[in-house]
Amino acid sequence: MANFDGPGFSMVDESWIQTKAIDIEPSTDFSPYLSRILEDCVWNGNRAIVFDVYWDVESVNTKSERPLSSVKLSTKNLCLFLRLPNQFSDNLKDLYRFFASKFVTFVGVQIEEDLVLLKENHGIVIRSYLEIGKLAAVARGTPIVEFLGARELAHKILSCDTSRLDSIQSKWDEAGGDDRLEAAAIEGWLIYNVYDQLQQ
Amino acid sequence: MANFDGPGFSMVDESWIQTKAIDIEPSTDFSPYLSRILEDCVWNGNRAIVFDVYWDVESVNTKSERPLSSVKLSTKNLCLFLRLPNQFSDNLKDLYRFFASKFVTFVGVQIEEDLVLLKENHGIVIRSYLEIGKLAAVARGTPIVEFLGARELAHKILSCDTSRLDSIQSKWDEAGGDDRLEAAAIEGWLIYNVYDQLQQ
Amino acid sequence: MANFDGPGFSMVDESWIQTKAIDIEPSTDFSPYLSRILEDCVWNGNRAIVFDVYWDVESVNTKSERPLSSVKLSTKNLCLFLRLPNQFSDNLKDLYRFFASKFVTFVGVQIEEDLVLLKENHGIVIRSYLEIGKLAAVARGTPIVEFLGARELAHKILSCDTSRLDSIQSKWDEAGGDDRLEAAAIEGWLIYNVYDQLQQ
Amino acid sequence: MANFDGPGFSMVDESWIQTKAIDIEPSTDFSPYLSRILEDCVWNGNRAIVFDVYWDVESVNTKSERPLSSVKLSTKNLCLFLRLPNQFSDNLKDLYRFFASKFVTFVGVQIEEDLVLLKENHGIVIRSYLEIGKLAAVARGTPIVEFLGARELAHKILSCDTSRLDSIQSKWDEAGGDDRLEAAAIEGWLIYNVYDQLQQ
Amino acid sequence: MANFDGPGFSMVDESWIQTKAIDIEPSTDFSPYLSRILEDCVWNGNRAIVFDVYWDVESVNTKSERPLSSVKLSTKNLCLFLRLPNQFSDNLKDLYRFFASKFVTFVGVQIEEDLVLLKENHGIVIRSYLEIGKLAAVARGTPIVEFLGARELAHKILSCDTSRLDSIQSKWDEAGGDDRLEAAAIEGWLIYNVYDQLQQ
Amino acid sequence: MANFDGPGFSMVDESWIQTKAIDIEPSTDFSPYLSRILEDCVWNGNRAIVFDVYWDVESVNTKSERPLSSVKLSTKNLCLFLRLPNQFSDNLKDLYRFFASKFVTFVGVQIEEDLVLLKENHGIVIRSYLEIGKLAAVARGTPIVEFLGARELAHKILSCDTSRLDSIQSKWDEAGGDDRLEAAAIEGWLIYNVYDQLQQ
């Protein structure tokens, strides 16, 4: 059974996010974690999985490839952080298959470029996705929110306290692994709640 | 005569969906099933066939090809699930020809990427299609529904009970073949009814 | 003189459509039929020719070519059905020249993909055309009609009886040549009348 | 001095169009005719030159080239019809230079494809142009006029008698050279007047 | 010090435009003239430089290259006309650098194609530009002005007397160098004033 | 600790901008300066970093490459000006990584072309950005501001005194290094304040 046995973090509304960070190696079977994410998503009632992707810029000057370095997946209660290997290995197909699912809507912030890069560099096509800023702009009639990052968007829509996130991100280079994981969890949770709010 | 002799499922409004799943081999003649789908569609009065396509990610890392692995076709009373072979065989042209028909409108959820992939990878051009979320968003004046998956879209438009679907999808990896077929049938039926509702 | 000596069909409003189906061979001179279509179009007062094109999927798997297999042209009183040869022959230029005319507006249903394929595969450019569903959607303020096929569109705009068409199309595989020609004539006539209606 | 010594035609409002048709050969100097068109355009007060282009479909099956076969240029009082040679000759640059002018607005009907073909096949870029149907649709709030040909558009905007044009175009294949020139002059005159009307 | 010692022209409102025409050769240092244009622009309060570009059609049939033949730059008081050499020479980089400036907004009429050609043929990217007709159409709610040339646009927005311009342009082939320069100056001045007017 | 020990400048509202200009060499570690920019941005409450990029036109005629020559980054209190080396060196990845951040929104004026060039020439993808003129045009209902440069945009939105900036930019070729840095700082500060204003 997939156990989110990484650190847990308390959000400003007292809710609790359980995390798991995995360094994927060719032998790592991380599919049970994806299954639990999916399960949590389905039972939370709005079928949203918040995601973010991170790119390796090491090889960027060659322009030939922009490899995906890590992926964050968040639901109401869980946050999964996957660090990908440099080399393609067969188990990554579990992730590709997961992204292709139409059971759920993949929700992200400023993801337009990411979607292009996912297809160009890895042949990954997320078929069911939502650029949340664009939707929020239309739904709220405030054009500026289309262009905001996760924290500012959440700030506008939820008006909740983000001082913990600010504190970590302002000293990012000095932040430790757990702090960074907490920031990832907070951002995921913020977007999840923005989406939940917009649904109503 | 094409016999939908797979399991039948009862929907939440007591209607009944008869299914058929076919593993296509070079010698399989599945065209009578397509004819019956077409016939059922024409007589149901709104000329809609709900479809979904599934892609094989096995060869995705090569980026050169994304083969279609299966296709779902749903009308008011029927659900046909076709599993395609790895190799192209001549009888697949019956499916290609079916998709090209302008007798009917092919209705799907989040199909934009699928249409691109169908043309790029298989040279299939569906000429008469409808992205139902986009239409629902305009027709109902609620932008968010454009970005929802099948279940959430149906939930918003039809407000019907989807607990059976939730139950199967939340435990997808453990679900058996019949459960998965039932989920496919339910999703098809939901979208069919969303379309029917929007027509009025 | 071009004689539309194929079967004639009575429409639901008692009007009469005279048809002609031609298998084009290198020596066939079908240009007088095009001239008569043009003449009928000009005198009918709205300068509309309804068209539909059909594609050969036999060679579709190679992706290199999608040959045009037949073309339907309809005016108020006439319906011409041209079956094209596999090989290009010089007389086809009469058809290409006809499509290039700006005397008339070529009216079709869900033709966007067809226009792309005509240019890509045959270098044919229809310069004056109308996607009638798109116009109907704007003119009537009902977005859904943009995505409908010919029969459903006509049903929405004209509310006329289409049972004869339904009857043929629901049993398409068993339909004989004359039945299929009648269906083609009915569809052409329906779209012609939709266009005529929208003009007013 | 450029003499429009071709036949003159009387329009339905008693105005007179003087025409000139020229078969361009390498030694033909047609630039004085372009100068007179320009001059007439400038003094007519709205700086509009109506144009239409015609394509040779003889070589269309090779798809590599679609040569321009003739060009029509109309102002308030003049109509110039240029038949182009098969081979490029240096004097054609006078025409290219003329099209590049920003002194005037080149006005056409359904010209979108023509502009693409002019650039693709001849490197001609008309920098100042107007698709008149699109403008008329916006200016009059009637979407359908965007998609009409010259005659129908004029009919909707000007409500003038077009029976002479109808008479020629309905028997196009049997029409003589002067009749065709008259039809060209009438179409040019109609569009000129539509533009003039929309300006007010 | 850059001296605009070409002919000066009086505009219809008694303002005065000082001109300079330069035939650029590899040794010509025209950058002081660009500096003075920039200076005049900054002090005129609206940071607008009106520009127009002219293309050489001599080599157009090869389709491989469309060289820029001359450039006009106008501010409130100055008009600079640069004739470019056939061969690239190092001093042209001063012009490229000038176009790249974001200090100012480059204002033009029907410039969409020109911007494409500048990038395609010379690698020049104007980053801060304004298609003035498009803006005028929105600002004034009159769609037609989007498609007008400089003179007609000015006529609609400023309603000023353009008889001098008309007089030169109607006899363009016979116009001398100074007359052409005056026409260039008048057009630049007209657009400058349109922009100034729209700012208010 | 990253010390912005370049000249400081007083803005018209008495606020103070501390600057730092760095000539990047392969051994330069400028990442602490980026960290301080980030930190300042996070604590300023609106998560905006104003940026501008400058292109080297030296190699522009070859069309094969348009290298980035310098980058300006501004927050409420800081302005960092980075001059890039001709050759790619490994430390530039710190800049690429910085641009990829979604913590913040990168705000610029007329950046559309710049974003294209950054990807085409350097493989840099800024995922979270805002073209501020476009937003201002929508937010204020004044279409013209979309097309203005930094100074004019600020002038329209903030109505503040820009005489110091005007003074430097009007004599740009004669301006010294410190004056140019001051101009950069003023422009950055202006845009920062425009963004701040639009947020409210």
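Each chain carries a letter (A, B, C, D, E and F) given by its place in the written order, and its residues are counted from 1.
The rule is simple: a residue touches a chain if its C-beta (ideal position, glycine included) is under 8 Å from a C-beta of that chain, and two chains touch if they have at least 3 such contacts.
None of the values given here were measured: they were computed from a predicted structure.
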* Which neighbours does chain A have in common with chain E? -> F
* Where the contacts of chain A and chain F overlap, which chains show up? -> none
* From chain D, which chain is the farthest off, judged by mean CA positions? -> A
* **chain D and chain E: spacing of chain centres that average the CA atoms, whole Å** => 29
* Touching two or more other chains - residue numbers and ranges from chain B -> none
* Chain contact graph: line, ring, star, complete or other? -> ring
* Residues of chain A touching chain B in their complex? -> 31, 35, 38-39, 42-43, 46-47, 88, 92-93, 96-97, 100, 102-105, 122-130, 135, 138-139, 198-199
* **Residues of chain E that touch chain D when the two form their complex** => 52, 55, 57-58, 60-63, 66, 109-111, 113-114, 117, 143-144, 147-152, 166, 169-173
